[in-house]
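Naming follows writing order (A, B, C, D, E and F), and every chain is counted from residue 1.
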Amino acid sequence: QTGQSATGAAVAETWLPTLQVDTPQQGFDLAIVMARRAVRTTQPDVAMLKAQRSRYAEDAASLIDVSAVAAAWFATIAAANDYWRE
Amino acid sequence: QTGQSATGAAVAETWLPTLQVDTPQQGFDLAIVMARRAVRTTQPDVAMLKAQRSRYAEDAASLIDVSAVAAAWFATIAAANDYWRE
Amino acid sequence: QTGQSATGAAVAETWLPTLQVDTPQQGFDLAIVMARRAVRTTQPDVAMLKAQRSRYAEDAASLIDVSAVAAAWFATIAAANDYWRE
Amino acid sequence: QTGQSATGAAVAETWLPTLQVDTPQQGFDLAIVMARRAVRTTQPDVAMLKAQRSRYAEDAASLIDVSAVAAAWFATIAAANDYWRE
Amino acid sequence: QTGQSATGAAVAETWLPTLQVDTPQQGFDLAIVMARRAVRTTQPDVAMLKAQRSRYAEDAASLIDVSAVAAAWFATIAAANDYWRE
Amino acid sequence: QTGQSATGAAVAETWLPTLQVDTPQQGFDLAIVMARRAVRTTQPDVAMLKAQRSRYAEDAASLIDVSAVAAAWFATIAAANDYWRE
């Protein structure tokens, strides 16, 4: 949530309250969220990001790199959840 | 499985119920599944993905990168299975 | 803080006193700080860095790489915080 | 081994029964096997792979990448063998 | 220290006596030292290295890669120091 | 050592008997050995490798990649030695 405090100061958005999620698939989804959020630290313009995404979606090398990045984020999330062992 | 709920709302597909598999080879296969699934978050058009795959299958650098990505996913899956130690 | 000691010698700035932070999101922010700090070991000119950032912010491959780098720093920070498990 | 079952159906080859090997050097060799096997998921034509290998064997950047990939596979295999500690 | 032994034979320099350092920031600095030392295994000519550094310091992709490399060395150093947990 | 067995069959060289070494610096040196050995799985011609090395030694991007690869091998070796903790 983003918002204004009573004093009018911008309140930082809380977008990552925890790394713990219920299932591996939710962990996978969180990895994608974190991967994209990291991109936004450099390119905050979401409209421009989406335009780029449609371009590199047709570039094989970029798509392979996307998977590498997702794997890196997922590795940490999976460890944080003790790999959802039962 | 994907489907429609009784109310007609789209039901999210469960494609990753667990990271635990019986053998290292099944873990390897799951790594490939996860690697490709990550690509689909950016390029959901499977027909286009297959067309690209036949192109980069002839590019050595892309093939080396494919192996790097598979290794990254496999590392997490192997840890999740305690390396299938007996 | 940077400064001058009583004798006039430059005092090294302490910018990384700890890897322990309270929340995953603070860990994410620290990862970005460390990623940028590492860049400054090679390019200390912050004005030039910002100029480059606006250029590669329009290059998809660079943005994907930015996310990979953030993931690498975050992995260590998350481990240092025991993944903020409760 | 690959083969035909009594009913004529193709039997999946078992090529990775275990990650446990006796020595670090066997672990290294297994890393190379896994790295190449991952490539074959995208380019199953072994003759074409060998042709490409002779080309990128003369490209420095590709050779460095080959070593990175081998390191990634080896890391998991070494962990699976508790680093062959005595 | 490098030097000559009493018999005139070259004595190997000891530049990495330990991975244990007192603070995360010293660990970060050691990561940079190790990253550069690794480069010198391939390009021992320090003058040439510094000339290249001033060139790639203006190339965004190289700078991002520098940060990835620093993160990789730092990950090991941080683990070696148990993340400087108190 | 390589050699001929009593029956004349080639005996495989043992080049990696252990990952355990006495010091971090020896671990670093072993990382370089393993990195180069992995390259030789693809390009066994050592003379050609040395020729390439003198070329990419003048290419900044390749040198950064060399350091990344060394870091990856070193990470495993350091873990295998429990980080040479005292």
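Everything that follows uses one rule, which is that a contact is a pair of C-beta atoms (placed from the backbone, for glycine too) under 8 Å apart; a residue touches a chain by one contact, two chains touch by 3 or more.
Keep in mind the model is a prediction, meaning the values are calculated, not measured.
Each step here moves to a touching chain, and the least such steps from chain A to chain E number 2. Considering the contact criterion stated above, no chain is in touch with chain B and with chain D alike.
Farthest from chain D in terms of Cα centroid separation is C. In this assembly, the chain whose C-alpha centre lies farthest from chain A is F. Separating the centre of chain D from that of chain E, both taken as means of CA atoms, is a distance of 31 Å.
Note: centroid distance chain D to chain F, computed from Cα atoms, is 18 Å. Residues of chain F in contact with two or more other chains: 53, 56, 61-62, 65-66, 68, 72, 75, 79.
With chains as nodes and touching pairs as edges, the resulting graph is a single ring in which every chain has exactly two contacts. The ring of chains, read from chain D with the first step to chain F, runs D, F, E, C, A, B. In the complex of the two chains, the chain D residues touching chain B come out as 14-20, 34-39, 41-43, 48-49, 52-53, 55-56, 59, 61-62, 65-66, 68-69, 72-73, 75-76, 79-80. Of all residues in chain D, those touching chain F in their complex are 23-25, 28, 31-32, 53, 56-58, 60-68, 70-72, 74-75, 78-79, 83-86.
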